[in-house]
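Multiple structures are listed underneath, in structure tokens.
Next, two complexes with subunit A in common: one pairs it with subunit B, the other with subunit C.
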Partner chain A sequence: MVRIKHRYLLVNILYPDSNNVANGSWKRPADDVPYTVQFRRPTPDRMDSKLLARLVRDGVSELFGDYGSGMIAGSLQIKYFSPATSTAIIRVSRDHYRMVWAALTFATHLPKPVDLSCVIQVVRVSGTVKKAEEEAIRRARLSIRRAAAIAPTTDLTLGGVGAIDNAASDDKFSNGIEDLDDDDGDDDDDDG
Partner chain B sequence: MFYDLNIPWSANDSNLNRTLTFLHELGYTTIALNHTLSGKLPSDLTCPILTTLPNLPSDLTLLRRCTLTLTDSHSNARLAQLAQNYDLLAVRPIDEKTLQQACTALESVDLISLDLTVRLPFWFKHKLLHEAVKAGKRFEISYASALHGDANARRNLISNAAQLIRASRGRGVVISSEAKTAVAARGPWDVVNLAAVWGLGQERGFEAVSGECRSLIVGARLKRSSYRGVVDVVYGGEKAEVKKKEKEKEADAVNDKAKKRKAEVLDASNAPVVSKRQMKRQQHAAREAAKLENASGGAENGEKTETIPKA
Partner chain C sequence: MAQPTLPAPSAPSKKRKDPPINSAFRPHAQKKQKTDHRARQRDARTLSTQTTSKAFHNGALDVSAFIKAREYEITALQQGIQRSGHANNRRAFQQVPKELRRRTASHNAKKVPKRLRRRAEKEMIEDNTPTVTARRRKPTGHMRLRLDTMKRLRALGAQKRAAKDKAKEGKADATGQPDRAAAILPRKPKLKKQPTLAKPPTPKARFRKRQIHKSWLPTHLFHTKRAHMTPPSAPLWRFSIPLTPTQKSYRPTHRAANERGAVAWDMSYIATIALEGREDSIESLLRGLRVDMAQGRAKWKNGTRCREVWIYGRDSKHPIAPVTIIWSASSTVEVQPSSRKRTLFLRMHPSAFTQTWEEVLKMARTAKPAVTVEDLRFEIGSIDITGPGSTEALLAALWPTQTPTEEVSVEKTWASLLGLTNPASLPAGAMLAFDTQDPRLHHPPRTVQPPTSQQEYDNLLRLIAEWPVDRLLTNPVIFDRIARQEGSRLPSQKAINRRKSLATPGAYPEAIATDPAIPILLYTTPDSDRRTQSTWTLLAPWKTIQPIWYSIQYYPLSTGHQPRFGGLNEKRQLAFQRGIAWFPADYPGTDAGWEWEMQERRVRLEEWKKRPKAKRVSWERVDLGGGRRGEVGDGLACDWSLLLRREEAAVAREEGQATTRPEGLAHLPPAHAREVLSNAASTSPSPIDGKLATIRLTLITRGVPQTCARIYRLPRTDIALRKSWLTLLEKPNGNHKHHLPTTVALPKDASPHLLQRRLAQSLLYTAQAGEETYPSCPGEEDLIGFVTTGNFNLAEGKGTGMGCVMLAKVLEDVRSGEDEVRRLCVVRNSGEGIARLGRWEVV
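This part shows the complex of A and B:
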């Protein structure tokens, strides 16, 4: 049975730039919102998985040319994307995941309609979607707890971006090198 | 433990706090703020970097680093002075001759950081790099200029970095960001992946952001604070107000294994004629002990101890 094996990259999109305006739809956070919450703010709704896929494909094409584009074309898929938590799970074929990872690292802006400067951080590389999802949930929980601990009284809605107070429910937690470990796996798709 | 040893520092930088907090978010625990100098060294070499900034995460360690662009030839003595004022001293050679100098001649250098975004007119040689690494120096790859630069800068960085990795055989390489703003920083594992794409294996890549950096910092600290890199007195057991003579006698006692301390003190106080050889030995021992105490920074006395321990 010859199966194509994949790698699932769990990815965070962070926004460290204080000058991001995003064509007017992005409000400046109030001054007492701690940096750590600002960095993990939600992504505008205009951003969706199609744009993210475009970002990855363009990045790979720029860095690795036609070869790279060809190699990942068949298997690249955005499995999950949540603008509220600025998290995504991207599927790549196992042999070429580093190319996609490098393209994500080199990305500096979200694509045109959104046009925000950002930093993309790959947080986990997993052989199965399930593990990637579990990790995403775990991180979301931790970051809520963390944000609640930091600023229980501050208004965490970042001046009105997304009335949902998802400002806090973002993933985090690289308190240790523990989870930033790669390759969860040569335990490839056990569920198939 | 992840290290980012190159964050450019400039006076009155309002974004510094943000950048440092972001780096901490990404996972870095120790950061070196880099002050760049070039050309002739100013006469006042004190370090302008403040490492106690308000509102920083508590487990973030800041170090002070200076990068000197090697345009003129510098004497090692001046560099040694410069090195004393910072925690790390880096140099930026601009051509083959200065690279040679940095690798072999200049001893107070800790880190060799080349500008890898320009086309270098020379190749890296295994032997030269190996010699530098043996002496404790490390080579630095800075990635931020490639992220935000143009395509040429990127291409040059990749080509030079790959060359450097190959010539150094993966050892002695340190990767850092040189990020002027938070947007140019990347997480440590992302950086390890980039290095992997450029030819540095996973384990070496991990070392490049953690272990190698640590050994560099510790080595630099030992160069500055310890006695010939062998003895670093952490707590010298200094007593606050102790009379000069007694201190010496105690020093003698410490170095003299044969006799008991109390006995020695008693003996020495009514020491009869001491032979010349014995005298010399005692003086030498006192000097050694004083050097150790001075090195540990407990030099409240700061006195010379070459006195003859006679009543």
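This part shows the complex of A and C:
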């Protein structure tokens, strides 16, 4: 059977600049908050999937003109956007996902009503939404571990969903935090 | 035999989708709420998200909130994966195409196709589905008692039988000539002098109790599993008849019968009477039944064509029923033609059997030299099959016993009909008779590939045009009672299985000399319209119908699928869509038709009564326009008494005889009706007083006529109303509708061209139903008839109807009117105020 092929981009919005408190939507974080948490700060509520779609569309039309925006217009869809974790899953047709990726990479600001400087990182490209979701789960687990490891003073109970139940990944984790490094290698140096 | 009581022919079906029916009887058909699968899937795929303000109190960033937010995300994503997986999830038995679904497939993995069986088994284990089969179930106390008794009775029977056999053996030994009995040939049985009604075959002991007041068709067990049957308490014409398949079948039946596939019916309930005697005395008997024996019927009389005719009672002026007459072939010319011995089959609908039987007997008693009459009702069964694949299916099921070497033979002709997609292209009423092998030897049937080359099709066309079988004049063996009995003596299924297992793999077992030869007779519908599909009718001994039926039903058609089967409703549906009247429903002027109509009335009344008052048509309050209120006559009936003269109807009502047929009412066969209508002013109105003619009705504008709709002629006295009806006649130069573009009045200073345009539009505009200018229904004095079958016609793509009109009421219009106006009528569904313009023609 012929079917329309898509790609699902798992996207993280990162905020490397800690002094970023534009138009008062953010409070300045307390000093004891580790940089890794600041770096993966939540996005303001005003940023929603519609705005994200606009960001992508504007970026593509800026970079690729009418051709680009026409090519992605039919298939672009925000499958998942969680402002609390700054994670999104974006669907786009398989033939043109590179344009969207490029637009995301070149984005430096969230659009107008939010207006925050940021870095958008595509961490996974997959053919099914399920794989993208699984990757998001894996990354969420890792960042929980990392936050807990770096801020051991915080009163935390890591018995919930954050716990990794198979020994293999536990080993990986104890070997150092290289699994995290593949995406954000620089933040460890900064907060150390 | 008393006239059998008719059951509910259109009893409410349990099927999910019924064909569209009159809204008057079911005004507010409850619509089942459809589940929106797309919305369900969308819901399942939506992931829940957390807002920042909820996750982080006051927007303060801290590690515990950071971790909680991620935990929430993990849960949401995991649930999402699970939910969307479940939304797509369907059990194995739900994925099977409709025609392969089985009721027990949910708890019996063997009922799903093999490729799904393992999955079904796994799912049943997962769901903990109870999978106890009837065989392994522990019998209840009551059942155990019954089984125990049965066991003991069986043992007793076996003991008795053994004792009997032993006694017989002893006797044979005593005489010393054990095989003498076998050596004596039985005497050729003579027909009894007094013709008697045939008795249904004695059923097996298991089924005897269920057939006390009715008989089963040979394929009863097939149909009970797959169709809604007549209720046990109300058999139809003393038969248990399939009414309609349990599957949805309205549209599939139409497609199979006209476009691709085939539809078959077990028509063994159609009665057969055999007449035997000298040709001239049979002919005079037929003349007594008023069968037209004029010249030009040579082929029919020679026994190479069959014919359908209307027969009359000797003393009554009223027709009884349409009857198919089949002559045995006229043998050699040595004997004086008139004194040849001939046989003849009369085949008629069971509702008219009693009447015909009595008339034929009356005539036969006085015939000289004598004519023997025989009732062959349970001796000859029949199967009807129609559709483009019908010939192919029959070819695969019927294997001739002989392969003759002559140039022209019935068997060869039959074999070369492969590729024929419509039996109507054969000569009308063409017959083929030959002996076939037991179809179980070739079961399951294999697809025969229709020819592909032009050459082969040319040969087929030539064959049809020449039809060499006419020259053969071989007598169909089915007329011979001994041959019928020999052919019915089929070997047991066990014996067949043994032979099949001995045959080489992939090959059918060889025919052997002791195989019974089943005599069959095939004919196409006589007088069929060449444009529509015709029907094959297969006559065969009663007992062989069942194996033949199975071979037809399981035949894989070359165009895909298998032949469908139909019930009584499908027979009616196809007749309606082909514009053919169906006996008895469309002939209320006959006794059988009247009986049917009465039964339908009762059913409709019951249905109507069941509904709450607010949800059924209130007949007194139907608005007929022009200030008239109230339905004309009984809204749930084709109220024929309204059409008779006032005083007669009044008398009939006073005497409470509303259920018996009014004296004057009678049917006029189509040929006569056409004659009456065509030759102007030849006869005085008296002979056609109270005569009904069956008509086909097409609506000129929109609308769908329903059963019981009233048919009016164009009003005679109210000239203005007549004119306004005539404006609805389509203009010849275009079928686009003229709409008034807007109802807004033009401004006072509108330019003259606008005014003129508006004027032209208003002149061309024809009123639409429901508007004030739409003509109202004509009065009761213009009532001419009723619609007996009406519905949306899938073949025509619009509503059509079959009905009856009283000839005396339309005669004047038809004879004097202009061509265009001659057969116009106005049709109004019972219980509705809006009438529609239509045109009728006699069928």
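The criterion applied here is as follows: the second predicted complex is superposed on the first by the 153 of 192 C-alpha atoms of A that agree within 3 Å, B and C clash if a C-alpha of one lies under 4 Å from a C-alpha of the other, contacts with A are read in each partner's own complex, and residues count from 1 in each chain.
We take it that a residue touches a chain if its C-beta (ideal position, glycine included) is under 8 Å from a C-beta of that chain, and two chains touch if they have at least 3 such contacts.
These numbers come from a predicted model, not from an experiment.
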Clash or fit (per the criteria above) of subunit B with subunit C on subunit A: fit
Dominant contact partner of subunit A by residue count, subunit C or subunit B: C
Touching partner for A:Tyr35 - first (subunit B), second (subunit C), both, neither: first
First, second, both or neither for A:Pro16, with subunit B first and subunit C second: first
Partner chain(s) touched by A:Met99 [first = subunit B, second = subunit C, both, neither]: first
Which of subunit B and subunit C A:Ser75 touches, first, second, both or neither: neither
First (subunit B), second (subunit C), both or neither touched by A:Thr128: neither
Subunit B versus subunit C - smallest C-alpha distance in the overlay, whole Å: 17
Subunit B/subunit C common contact set on subunit A: none
Contact footprint of subunit C on subunit A as seen in their complex: 25-27, 29-30, 33-34, 37-38, 40-45, 79-85, 87, 130, 133-134, 136-137, 140-141, 143-144, 147-148, 151, 154-156, 158, 160-162
Of all residues in subunit C, those that touch subunit A in their complex: 47, 49-56, 58-64, 66-67, 69-78, 80-81
Complex contact set, residues of subunit B against subunit A: 1-2, 15, 17-19, 21-22, 25-27, 146-148, 154, 181-183, 185-191, 193-194, 196-197, 202
List of subunit A residues in touch with subunit B within their complex: 14, 16-18, 35-36, 39, 98-99, 101-102, 104-106, 108, 117-119, 121-123, 172, 174, 177, 180, 182
